[in-house]
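Take a look at this one; I'll ask things after.
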């Protein structure tokens, strides 16, 4: 490069023209996007927004637990107004995100007629969701109590609400699970992944979880889509309730939708790092020791430790 | 639903009235909250705020390390003004959060007299906290040096400060531990959980940690409330220093406050995924191999690998 | 303390003077900072900003995938304008951060002459980076397809883009790796650590990763600086591709820059929690079972389960 070229280069990079060949990069990126899949998406309107869904979860959380997550100036008399106002604004936003999802997942193009149908469906779904909120709150109240009862380090209700990632994860999960049950799987997954990002706890919104559920510490926990968990179950960090095999179809792609995750019955405790894979059943009242690897069902009231697991239950690793 | 009903439904959902029966949901949520625990909380005034505490940690961090976390236009002459101003504003905010905690944890209702007592106590506590900051900074300086010395991939001091989750976690911990020692356990826990969320490293603020501490990678590390860690200790991702058993009281609830976590003496290295449970002692200079499970004490200068651990130290999993 | 003293204390703490001895703390912190390392840093100008780099990654991501991460009102005709505008603003910001890094890493003080040289270098580096973006996008497109093909729970392209931490991590990694290859290791590390914080997946930007790479769940994954990964490799949560030993130099500090992480050949699957340490080679088409610990090379098409690993491959833990 000539000295003159260099001088111009420096000048231009500080006068705002840049040095990169912008037009060429933009052109190459357009080619890379192609016209098919992304173009079709654009014509179906905007996608749901992760930021909006994060705000929606915060709104629902503060409406369910205004004492802990509401504004700081609430009184006995003002709290219902706060709840009503927050809930209304939040459900309205959720309805809009629902409409975006329905439009995205709809096969047809968005003609005027279809929009009306989708709007009606969105309104109907959110009304069903709203009606479930008191039930969801009752479940969460019991989860909070289970956290307090289950951890010797817990000192107050405020500590449980503010500081337990397992409590944050179950709040997200119980809300996401309701959306999943209504068929809004994309919205549900965005919410569960937001909890995964902030807590390290990865619960698929499809998982069915009973009352008084508690996860302590939680980083690295994975609970799969078709897992079923009973009442009063306690998990520690790094526990996986996963799939063992992924059967392939004729084209070599994984088959979707099979029941492939464990069933954990009532009153089971699973210690840190234990891995349970496949559609097996852990019988009620069982204790699974830390780092244990289980790929077969165990009867009720079993106490599975690592040594036992190796001789009795171990059969060679996931998917092998 | 009649065609007319459907039309009205669609209209209303877009005119802002919503379709959900808001009054009924708000009413059900009020019933669910009950009157006792949450009502009492409201009368004790606002709870501490997690957002405020996140800002406080950022403020303290930029006052302790203005070169790396202060504003980008600092010079040799302006840096002290930045530190003084930031520290003053941050400590003031911390004092306010302290007052909220004291009010929340106080048994009595907040009469005028009590507020004065609590304000005096908050001011006293924060003065003690402020006086400890130079000591905390000296400790952190040595932790930063330990990170640089301990990782072959570390290339500069800026990389250590900006990119090492273990350094972020220990900055949070050393600040939180000071608050914990002053009895401000709720504030301390909110700060430690914020670090857990962003780093995957879960250190209870009660843990006692010596000089030149380094955690590499860090995701999944758990260090319990009563753990004691000596000088020059190095941990890798997924290490648990946890409790082995949770004794229950007469009502079946876990007993709180026992010494239940390991003692790690000076110069110990614990590799990824190792789990050490219970009030055991890992003697000075020992090396604990990856994925090892230890529930008994080991003498100084031990080298514990997985095979040894299974024959000598393993006794069947946590809490079984 | 006299009653009068107490009253003054309370008053002062609420009139804004504080109770802490601010001047003393500021003075002690200045002494603690010393004059050498931090002072030198200040004279080299501002350090790169983590917030700015987070915004840069968001900008690049929305320019590469405008349908999913661009503004919500894009149409077929407006999308190129959005891409061009976003890219230009983002690259300009990246150039500024690059200049800061070059100034920080430069040995000399920042005289006028040096600034010009650094500016020219920054402009040249970013032009090279920009030219690589279409290639990076093509790689990412195949990673997204691999995620869809590899997970039975995946239901739509939007779900893959919004909800898969492994996809977020590989987007960050492929951008960071380009910066690393250009010698901008500090910027690269800030970006990779941002992904680590939000996904729990810790990929050093130096790692070389082939096409169609997929990490499922991902929390706790660690991939070291000198790791080399082939095409169509799939990893699950908690997999470590790490170093086995850290040789020390004459001063007892770790030696930097050695090839010390595994080589994973094409079409390998590594299940949850497996740990592979040292410069070993996992032969093409192999399957490494969950929780397996490997510190020796394995031939192509091996199926390594935990039992085999213990008798054949296990040699006693990391670094022992």
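The letters A, B and C name the chains in turn, as written, and every chain counts its residues from 1.
Operating definition for what follows: a contact is a pair of C-beta atoms (placed from the backbone, for glycine too) under 8 Å apart; a residue touches a chain by one contact, two chains touch by 3 or more.
In this text, all values refer to a predicted model and were calculated from it rather than measured experimentally.
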**Request:** Indicate whether more than half of the residue numbers at the subunit A-subunit B interface occur in both copies; give same if so and different if not.
**Result:** different
**Request:** Rotation angle, subunit B onto subunit C: superpose the C-alpha atoms of these two copies and give the value as a multiple of 5 degrees.
**Result:** 120
**subunit A and subunit B: spacing of chain centres that average the CA atoms, whole Å** = 23
**Item:** Overlap residues in subunit A, where contacts from two or more other chains coincide
**Value:** 200, 219-220, 238, 273, 291
**Request:** Sort out for me which residues of subunit B touch subunit C in the complex.
**Result:** 63-64, 66-68, 72-76, 79-80, 83-84, 87-88, 91-92, 95, 116, 119-120, 122-124, 126-127, 130-131, 133-134, 137-138, 141, 149-159, 162-165, 198-200, 217, 219-220, 236-238, 269, 271-273, 287, 289-292, 303-307
**subunit B-facing residues of subunit C, complex** = 6, 9-10, 13-14, 16, 18-26, 28-33, 37-39, 41-43, 46-50, 104-105, 185-186, 189-190, 192-193, 196-197, 200, 202, 204, 206, 219-220, 222, 224-225, 238, 240, 242-243, 246, 253-258, 260, 273, 275, 277, 291, 293, 310, 314, 316-320
